[in-house]
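Just below sit the structures, each encoded as structure tokens.
Look for subunit A in each of the two complexes below; its partner is subunit B in the first and subunit C in the second.
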Partner chain A sequence: MNLILFKVILGLYCAASISYLVYLAKPASFTGRLSHWLAATGFILHCAFTLFRYHEAGYTPITNMHESFSFFGLAIVGIFIAFERRYRVVILGAFVLPVALLLLIASFSFPSAILPLLPVLKSRWLLVHTTFAFSGYAAFTLAFCAAVMYLIQEHYLKYKKLGALYHKLPPLDTLDDINYHCLTIGFPLFTVAIITGAIWAETAWGSYWSWDPKETWSLITWFLYAALLHGRLTTGWRGRRAAILAIAGFIVLLFTFLGVNFFLPGLHSYK
Partner chain B sequence: MTTTKDSFASSVWSFFCSLKLTISLLIALAAASIIGTVIQQNASPEQYLKEYSASTVRLFDALNFFDMYHSWWFILLLYLLTVNLVACSVKRLPRDLKIRSVPTLTLDEGVEKSLSLVEHRKLSGNAASLRDKMATFLRKEFAEPLITEDKGVYHLFAQKNLYSRFGVYLLHFSIIVIFIGAMTGSYLGYKAFVSIEEGTGVSAVYKSAAHDPDMETPEQLARRTIDLGFTVRCEKFTVSYYDNGSPKEFKSILTVIDNGKTVIDKRPVIVNDPLSYKGITFYQSSYSPAGEPLFHLTVRNRKGSAPAKLSLRQGERVALPNGTLLQVLGYTEEIKSIIPQASGPAVKLALTPKTGAQQQIILLQNYPDFDSERGGDLIFAYKGLDQKWRTGLQVAKDPGVWVVWVGCALMIIGICMAFFLSHRRVWIRVESGRVTIGGTANKNQAAFRIFFYRMLEKLGKE
Partner chain C sequence: MNIIVVGLSHKSAPLEIREKIAFAPHLIEQPLREIVALQDIAEAIILSTCNRVEVYAITRDIAGGIARIKRFLADYHHLPFERLEPHLYGYHGEAAIRHVFRVAASLDSLVMGEPQILGQIKSAYGYAAEYKTSGIILNRFLHKAFSVAKRVRTETRIASSAVSVAFAAVELAKKIFGELSDKTVMLIGAGEMGELAARHFISSGIRSMMIANRTFERAEKLAEELDGRAVDFNDLLEHLQKADIVLSSTGAPQQIIKSADVAGVIRRRKMKPMFFIDIAVPRDIDPKVNDLENIYLYNTDDLQGVVASNLRQRATEAEKAEEIVNQEIIPFSAWLSSLTVTPTIVALRSRFEEIRRAELAKTLAVWKDLPKEDEKRLEALTAAIIGKLLHPPVSLLKQNQQGNRNDLYVDALRLLFDLNPALHDTDEEPELDE
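And then the complex of A and B:
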């Protein structure tokens, strides 16, 4: 039952990705609406799947790679749908949905068995801390997608090769605005994630901050995004430089999410 | 002379006020922090020599790379960041305070030119009646207006979320509060460890484990010993397991005795639920066996004698009445991983008869008749074991932790004010037969533009 549902969600995200890409190649309001509903249906089923698993396991399903990738994908699609509804940037989906699809495929490739919960994870902070962390990750992922779109668009402008995508991608200013807006949502969420993590660490390990690799890399990510936000306050850091930094920030973020678990031993290495 | 001094002081000031410094410091902190995640922190010298060459170890040691988050240069970066954000705030705050205390009340030509959103409307009515109409409109759609008159022209001014301008100061202030809390903790608090055997108590704990306990001198031990001023007893320690053998819960039952009086009686302490007394907190952290376990068995003759009880420790040889030697070779709390069909605790025994070869047998606690199927003359059963445990407790005293939490709360409030709210201002200039409406927001102009034009649509309909 669970597996079938998961495959249906995979199928929907795959269809939504294709539909958004079709929209990118040939914008029509029908494909735009279809893409939105495919993504939204996938999201609702994905929510149901996550709740179902929560019920089955008895804890927030975010304690191994299968669950984390799935949760990350859920957060990205959720934040994207909210963003799409509010700012009418359908085209962003052509970059965001494939990312969500990749995450789900990654999730699918890890064993999905429900394992009993380790004593240290038995805490109400598990839900709060991880929800904030993954929502923050998701907003930063959207900023990354907007930054990639910005660089592609800028490339066309720079070389005056007004290629196939040029007329379809939003103008540079809009992309820069989306990038900035995602950062202003991601940064507070990520900050709250670090703070709730500190509160949890205080009750579980007796220290709100112990320079564990995951903690440190979160702080590194936080420093970088803080630098980017301050850089944007001066005029020179809009556009290209901001886009490159948003991409750099995202690479560091990926390392914080994945690299730390695989390469650096520590208290957060739940594989 | 004075001019050079002044220019020196002002260049120092502008250095500390600059956003470039902020960005450089943030990136430097990010880059530096990586070092400590790649090089193991606070390990023993022997461990480092195993990993790196002697000259590398010397170099890293000189650069404080083995305890870099507490090194002078890392702390210096944090101090510089603090000075930087104080300087930036001091420089910017007067401007925002002025916007608060001396708001721009009139929409004159200069203000109009500075605004990106300005609309003109022709409306019927004289200035006074339009003024009242506009005031009602602003009150309903936006905020209570302030009205000023200048040569027959009325100016209406209304604003929202003025205080969001101060969110960024609160956010920066909260970082300083957190630093103060962290410093309080590091000067007045400590982190320590203690292990307590079941049924015993301790009144002292130990800061950081010795690298080599055998080599430690009494003076060194005394230096890292902290007297608690009360006694903590471990009544009992238990560990329970899930069916798949992974640990489910570690639990210590602790009692605190202060001045001969029991102040906390048999409080269970598990991971994520520590015990606090007099500002000192005890966290369940590890456990270890205290001494060898004592195994309880029964043995009976196949021909029907009553089972006799038998207790022995691992490795100990016990002779049975018929001369057979019995020895416990090993045990497990969960046999499932070895025999998937069975579950529960098990022991492995060696039986050495007077004549003949040694025989190894397994006894399962959950299946008392299991051994009769072996067909031997003596039938054994496993009744369980007594194991004394030592519980390992992380001990922390941190008087600064509340300061840190206050800082975190301020940070969340500040960050919400700074990121999600914007100071929105709307002016309306009312002349006879026409009005001019201007607006601005200090953040998120795009959202304000949408709001501004939606508001104007309503004005057209009235």
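And then the complex of A and C:
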């Protein structure tokens, strides 16, 4: 039952990705609406799937790679749907939905069996810490997508070669606004995740901070985004510079999420 | 009945000919009435714009109708026929339908995709409808042309890109800033070109306009006209900080805005993007300004380049538009030919029936002792014979397919069976397949 539902969600995200890409190639209001409803249906089923798994397992289902990838994807699609409405940039979906699809495929490739929870994870902090962390990741991912679109559009305008996507991509200012807005959402979420993580670490391992690789890299990521936010608010790091930093931040974030789990063994290596 | 188009356009005639045969809109009633009064012309519309003068008419006699309208155009405008004739074109059948569809869809315009032509055709049709010189066929024809134009507009991007330098600048600004309603434009130089571009920005809804000029009085005068604010040319850099869009078109022989100055300005603006448009020759703004972060500088050549690429894009969109026109011609010409086919079938049937009744009556008059039952048999027999005889030609005419030479068959049938053409006396109008 769970597996079938998961495959349906995977199919819906796949269809939504294709539909958004078709929209990118040939914008038509019908394809736009279709894409939106495919993504929205996928999201609702995905929510149901996650809640169902929570109920079945009896703990927050963000404890292994299968669950993490899945929740990451869920958070991205959720934030995207909110932004699509707010900024009326359907085209963003052509960049975001494929990312969500990749995450779901990654999730699918890991064993999905529900195992008894590791004793160390048995805590009410599990819910807050992981949910905030991945919601923050999702907001940063959206900032990354907007940044990529910004750099493409900026390239067209700067070098005066108005290529194929020029007419379809939104104005620079809109993309910059999305980038900034995502940052203002992602940064507080990520901050809360780190703080709750520290509190949890104190109760579980007896120390707030033990320089485990995950902690170190999270801190690096946090500082990067903090610098970007600070630069934006004080000296006007906007436009191109903000876009490049959002992309750099995302790459570091990916390493924090994946690289640390696979290459740097530590307390957080839950496969 | 045939649709014919007679006229000339920017493609076939120079301006000095076009201006001589143009019709003033308020004086269109007289020529319209004269055209429909011509022999064999049933309906007429006159389209007269600065790029074309065309008459759309319905006639029974294609060659004669075209010749008479050509002659009319020369006579009405007191032009020697020999001088006008080489510039005139005349279309009929599918070529006429295609021509009008293309004109309405702005595929035949000087600037392809320009939106005015559709409005001009609509008002030309309005006059013809008002003076009742257009009837069933032209009404249907023109409405079809409007819907083809609408399809082309919505299904292709033929009219969606800017083809003038000033308009291209506004579009670029929208791609940088999105909404312009909270943006300030600074116009440097009070020349004509700059003013024109500034007006484009004003009509796209900017927040405010600053005007700087070496002679302050001229800046003040223009500021009044454009509802802007004149600023001191000597404090240019200070004011520049408040401008999101800078439009420069001074006659200065040297550059008036240096890259280093702009670098300072953008820092003070906290890197808020700026869009510089330099339409002066020689240039007012240091080209290196474009290398600064969050600043976009377009000069005349850059803008021309944008316009040229938009025009190229229009050309590819035009191919899609031609395809739409092609699709729409088929059902319309089918409808048009059904207009002549239906009355012909009716006439053919009644002619056969007439002969049958006459011959049957003759026979029955002689054959007095024929039982009533056999009389009925005879009736059925003759009816069956003409039914069988008529079936192939009628079904051929009704097929109404493209490439079907219905006009030829109709003419042949009329000649062979001596049918009197009767067109407008059928009340029912065959439906056009949408």
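The definition used in the following text is that the second predicted complex is superposed on the first by the 268 of 271 C-alpha atoms of A that agree within 3 Å, B and C clash if a C-alpha of one lies under 4 Å from a C-alpha of the other, contacts with A are read in each partner's own complex, and residues count from 1 in each chain.
Methods note: a contact is a pair of C-beta atoms (placed from the backbone, for glycine too) under 8 Å apart; a residue touches a chain by one contact, two chains touch by 3 or more.
Quick caveat, the model's predicted, so the values are computed rather than measured.
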Subunit B and subunit C placed together on subunit A: clash or fit? fit
Partner touching more residues of subunit A, subunit B vs subunit C, is chain B
Tell me which partner A:123 touches in the superposition: subunit B (first), subunit C (second), both or neither. first
In the superposed arrangement, does A:158 touch subunit B (first), subunit C (second), both or neither? second
With the two structures laid over each other on chain A, which partner does A:188 touch: subunit B (first), subunit C (second), both, or neither?
-> first
Rounded to the nearest 10 degrees, the Cα-centre angle subunit B-subunit A-subunit C in the superposed arrangement comes to 160
Figure out whether A:238 sits in contact with subunit B (first) or subunit C (second), or with both, or with neither. second
Closest CA approach of subunit B to subunit C after superposing, in angstrom, is 6
So the subunit A residues that subunit B and subunit C both touch are none
Within their complex, subunit C touches subunit A through residues 157, 160-161, 172, 174-178, 267, 269-273, 290, 293-294, 296, 298, 302, 305-306, 309
Seen from subunit A, its contact residues with subunit C in the complex are 153, 157-158, 160, 162, 166-167, 170-174, 235-241
Touching subunit A in the complex, subunit B uses residues 19-20, 22-23, 26-27, 29-30, 33-34, 36-38, 41, 69, 182, 191, 242-244, 246-250, 270-274, 281, 283, 285, 394-396, 398, 401, 404-405, 408, 411-412, 415-416, 419-420, 444, 446
As the complex stands, subunit A meets subunit B at residues 115-116, 118-120, 122-123, 177, 181, 184-185, 187-188, 191-192, 195, 198-199, 202-209, 211, 213, 216-217, 219-220, 223-224, 226-227, 230-231, 233-234, 252, 260, 264
